[in-house]
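Both complexes shown next keep chain A, but they swap its partner, so chain B is in the first and chain C is in the second.
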Partner chain A sequence: MSRHPTLSVSGLSVDYPLTSGGLFRPARTVNAVDGVTFDIAPGETLGLVGESGSGKTTVGRTILRRVPSSGGRIQFEGRDITDVDGAALRKLRARMQIVLQDPYTSLNPRMKIGDIVAEPLLVHGLAESSDAARHAVRQLLDRVGMPADAADRYPHSFSGGQRQRVGIARALALKPSLIVADEPVSALDVSVRAQVVNLMQDLQRELGISYLFIAHDLAIVRHISHRVAIMYAGRIVEIAPRNDLYDNPVHPYTEALLSAVPVANPKVQRARRRIVHTGDTVDIANPPSGCRFHPRCPLATDQCRQASPPLLVKAPGHLAACWNRGR
Partner chain B sequence: MTETLLEIDDLHVAFDTRAGVVQAVRGVSLTVGRGETLGLVGESGSGKSVTAQAMMGLIDVPGRISGGTVRWCGTPLVGEGVRRAPRNIWGREITMIFQNPMTSLNPLMTIGAQLQEAVRLHLGLRGAAARTRAADLLNAVGISGAARRLDQYPHEFSGGMRQRVMIAMAIASEPRLLIADEPTTALDVTIQAQILELLAELQSQLGLSIILITHDLGIVAGLCHRVAVMYAGQIVETGAVDTMFEQPAHPYTQGLIRSTPLLDACDDRLVAIDGTPPGLLIPPAGCAFQPRCPVATAPCGVPQVLTPTGTGAVACCRAGIDAWKVGAA
Partner chain C sequence: MGLPMMSFRPLRSFLSELWQDKAAAIGFAVMVLIVLMAVFAPVLAPEDPATQSLLQRLKPPVWDARGSWDHLLGTDNLGRDVLSRIIWGARTTLTIGIVTCVIAAMIGTTLGLWAGFMGGRTDSVLMRLVDIQVSFPGILLILLVVGVLGPGVWTLIAVLSVTNWMVYARLVRGIVSSTRQMPYVEAAEVIGCRPSRVIFVHLLPNLVSPLLTLLILEFTNIVLAEAAVSFLGFGVQPPDTSWGLDVASGRDYLFIAWWLVTFPGLAIVVTVLSINLFANWLRVTSDPEEREKRFARTIAAKRRRRRAT
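The block that comes next holds the complex of A and B.
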């Protein structure tokens, strides 16, 4: 099995309906994800970064087959899952789990923690008895560092970091090989963020899980990821092993992003030359022609305005989509 | 130090709730000098926003100022014996920008109308003069095509542009102190960088003082001269920005800095501060950080007093010990 990547996505596109079309009017759509290609090896973390609205959540949800794709293929553990449905899809969902950003709303407030974690086990018929389920839940809660009496309490009596641990325990219940973590620590305090990041790293080392780790915080992404992909306006503009990406960014947008992140070191931060781009975020309903970054790009040429740059290898394992960089 | 503009002395703010009295701010003292940027950081719920609201006279039921004073250039604004704050300070000499620009702009009024209203109110300008001034303000915050932009509504602006408009409104009265409560939290980093650059420029051009409330230590590092760290309603440490990052004295400050991953290094395991902050219904008698502190000892159970350090002050009887190295051993 490990000869295959855990996940392999090629040419994935997603269109959302913008207006409901009339009888003779084709529905207008927004192309939220455009030709996205990447894979994730067993036990690997791929970080996914990009502006708000660039399509990160959409990619994650499409992989989990919660949003229909309009083009491209998704392979999971060597099997094409783009079109599976029914019972096969249900079984598949046990192997791919999601952890969401908001620990305050992603847990049902009326369910006890124990029942929340047990639910997937029971739904998928993976616990022979309620005793077995209770035992499994105890182990899972213990594994994520929750107190022993947590199972009988309700979400409101726990802090954000603890609720996020419960979300992770729940995701782990079915022994998934892939977890899509959509901003799992964004809502947490800085000091608590580190707890959850450390926990996710420990679990990965122990269980060999793959993560698609979606986040805004570039420092956290560098810390937890093996490779990192940068999205801009629905496309991956750069993807590389983490140190290559952070130390030798190729794409002008990656460069702008990295130079804009404030560094928690006063001397370094005051001395940094910022690449402060004018221009605003993209309206994905009216994407720019050619390279979608061209209106904000200091290197843009006519070619950039006319044709979309392909994602090409610029160094070993380092791909970027830019006409003027890394040729 | 330069001339002190704002002075907060032993401020207490309480909220009367059904569950009891929440003691959100418990004896905060701070000063802000002319042209200075003070960073206010700390755990969520530690009382940063409530402190800022108190400075602006915005504490309303169920909240109340339960002790202490806020003075502006020596004149008391808030606190015992202050019936009514002098006019023309809040909203004029001291202004504030809030986290969510969409809720602070009126969606039914054009941007121009809102800016002109502010200019009329504070500078007494009307008609064409007000409109010109409004356009100047939009230019000052880096919005091009100001003349056309004035006639647009908030929804026609992006998040980053709305935040610029909020800054334009906040500097319309030519204030001397700007309080910015998480001014860029809702924005993308590239847009955030533009806004921060703008604040730094306005500061050097107008000699503005800024109180910057944020979770992001990187923002503090780049923009602030001094930092105050809050924990559970109290200031646990203050100091010059370089000192605070190089030699944080309080175990909480140390933990905060060590748990923040750096962009240029990634191999160490992050320091995680286990546990969560205490509830403020019955605040702990001693150091509020004690249950989470790796170097706590018996004396930590009594109230900690802010004691001067080289560039500020710290409230911890174990100050200066490398708490996380000791704790990890």
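The block that comes next holds the complex of A and C.
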């Protein structure tokens, strides 16, 4: 293991413009991500979980430098990449890749599979032409379990799972050390999800890639992640090793989230208590003061309403942001 | 994708694929014939299109009782041979139509791409420019420019291009700004593609089929616009001729000599129709999924036919 974590994010904030500012008034913004901090070690998978609009996708996009950050630092392999741009950014892109959610729209329908996988090699000058890249492409397609004749066919002749394999092959072409997987299996049939996730795990073991695995499917996150971070309304509320988090959740939001996952054993399932918090999901354009979860939290006190809780160590390696738990 | 023209083999595979679609093949053949007709006009035309003969005024076509073999499609009000005028007119009409469409499409596509790709302020400024140009009466601009520069085919081409690029800009901008949001474009950017590669490899191919459709619609428009301007005396100048000019000037004789309007009009219709048939095929060919479906259909049709016999 090298000295540096593959990825280190500290205090990351992202503001989206809500209205474009006029000549005399400043633009209104939404604070989509607020003070997010985490590390990913080489060969590690961090699962990032949260409901829609919690900012998990934005975090992934910001790390890839697709969305400008408004605060905090991003360090990649020990190097600060928060302000890298132009040619340096393009070069950096070879080291961190993305696997997108929807395999039906993430492959150009007018390009052959072989050309899609060869494109990163061409763009970074690792192959002179798509013919020269043929060998590398065949190996990559073989590695992700695509049939040998796939290179000469178009995306529309493949199933969703196969297309996602092509998306993974494209991401692998540049031998990245980090892959941001943005809900890579949520658009797939349940029956092929496991195949794709297992493929990702095999590749990780073989190549030592780190994953930032963004998802809202808790079962799959548990399966693939080494550590899991839970986001709520743009903030990380809890981050812990997988089993710690699933077995001993600290934050009330995590508790509620986990209680919503059904267990495939009727007896156990009947005995479980489903924790349902009242209240609406947070309006991110107008976040509540203090802890952003307090309007829905059964434990909320005045302190929660006034000050936002810091992410503190509650057990070894287990961090949570709650005033009332784990002291 | 694209038309293989480099060597003999791709040309043959192009022709054999085209032959599967009979309508498109006919369209393509007619297009080639019309172009050849324009190129070889001096050889093909039985008479000089400008020679007047007052004794031969308003002769009907040959199949009419009063017609004669001297003038297959009759003569106009000045005794000029209609067939020869159509053959010669193809030159002017095709030149103006094609060149204008290409120039206007290039201006419009470039600006539309720029606006759609950059978005934000660049987009608003360029699109307001389009709005201004659209709201400005085109015919007024044409008369103004022609009045200053003097009439002529190339002046006409320049002016018609300047007044017709906006529709391309709007179309292209719309498609580009929506395609830009597609995940595969994002993937290309994350891979590290330069903007030029994103534009040429990932965005432009999506424009082929809508642009083809628009080009053909606009070709008809340009032919008619040229007719209108020529009719006003600012376009093609006699003794030159064009289909549009003939339709426009035959209008006065519509009730006593129907052939003056009908034959140049038919020439326009046949040209546009054949381009349309061919372009429809080309549109499908440029889309891999549609192309494979078409291929499967022809195979299935062949099998059915074989089983029936």
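Following the convention adopted for this analysis, the second predicted complex is superposed on the first by the 321 of 327 C-alpha atoms of A that agree within 3 Å, B and C clash if a C-alpha of one lies under 4 Å from a C-alpha of the other, contacts with A are read in each partner's own complex, and residues count from 1 in each chain.
Rule of thumb we're sticking to: a residue touches a chain if its C-beta (ideal position, glycine included) is under 8 Å from a C-beta of that chain, and two chains touch if they have at least 3 such contacts.
These figures come from a predicted structure and were not determined experimentally.
Enquirer: Based on the shared chain A superposition, would you classify chain B and chain C as clashing or fitting together?
Expert: Once chain A is superposed (C-alpha atoms), there is room for both chain B and chain C without a clash.
Enquirer: On the A-aligned overlay, A:T281 touches which partner chain: chain B = first, chain C = second, or both, or neither?
Expert: first
Enquirer: Look at A:R170 in the shared chain and tell me whether it touches chain B only, chain C only, both, or neither; answer first, second, both or neither.
Expert: After superposition on chain A, A:R170 lies in contact with chain C alone.
Enquirer: On the chain A superposition, what angle, as a multiple of 10 degrees, is formed at chain A by the C-alpha centres of chain B and chain C?
Expert: Spelled out: centre of chain A as vertex, angle of 80 degrees.
Enquirer: First (chain B), second (chain C), both or neither: which does A:Q195 touch?
Expert: Only chain B; A:Q195 stays clear of chain C.
Enquirer: Let me test your reading of the model: by the given contact rule, A:D302 touches which partner, first (chain B), second (chain C), both or neither?
Expert: neither
Enquirer: Does chain C touch more residues of chain A than chain B does, or is it the other way round?
Expert: B
Enquirer: Name the contact category of A:D142: first (chain B only), second (chain C only), both, or neither.
Expert: After superposing on A, A:D142 lies clear of both chain B and chain C.
Enquirer: Contacts for A:D83 in the overlay, against chain B (first) and chain C (second): which applies, first, second, both or neither?
Expert: neither
Enquirer: Per the contact definition in the header, classify A:D152: touching chain B only (first), chain C only (second), both, or neither.
Expert: neither
Enquirer: Can you report the least C-alpha distance between chain B and chain C in the superposed arrangement, rounded to whole Å?
Expert: Shortest inter-chain C-alpha distance (chain B to chain C): 8 Å.
Enquirer: Per the definitions at the top, what is the overlap between the chain A residues touching chain B and those touching chain C?
Expert: none
Enquirer: Show which residues of chain C lie in contact with chain A when the two form their complex.
Expert: For this pair, the touching residues of chain C are 1, 182-184, 186-194, 197, 201-202, 205-206, 286-289, 292.
Enquirer: Help me check something: in the complex, which residues belonging to chain B touch chain A?
Expert: Touching chain A: residues 43-44, 142, 158-161, 188-194, 196-197, 215-222, 241-242, 245, 255-257, 259-264, 266, 269-274, 276 of chain B.
Enquirer: Taking the touch rule as given, give the residues of chain A at its contact with chain C in the complex, in rising order.
Expert: These residues of chain A touch chain C: 64, 66, 90-91, 93-94, 97-98, 100-102, 105-111, 119-120, 123-124, 154, 156-157, 167, 170, 174.
Enquirer: For the complex, which residues does chain A have touching chain B?
Expert: Per the stated touch rule, the residues are 51-52, 159, 161-162, 189-195, 197-198, 201, 216, 218-220, 222-223, 242-243, 246, 256-270, 272, 274, 276-278, 280-281.
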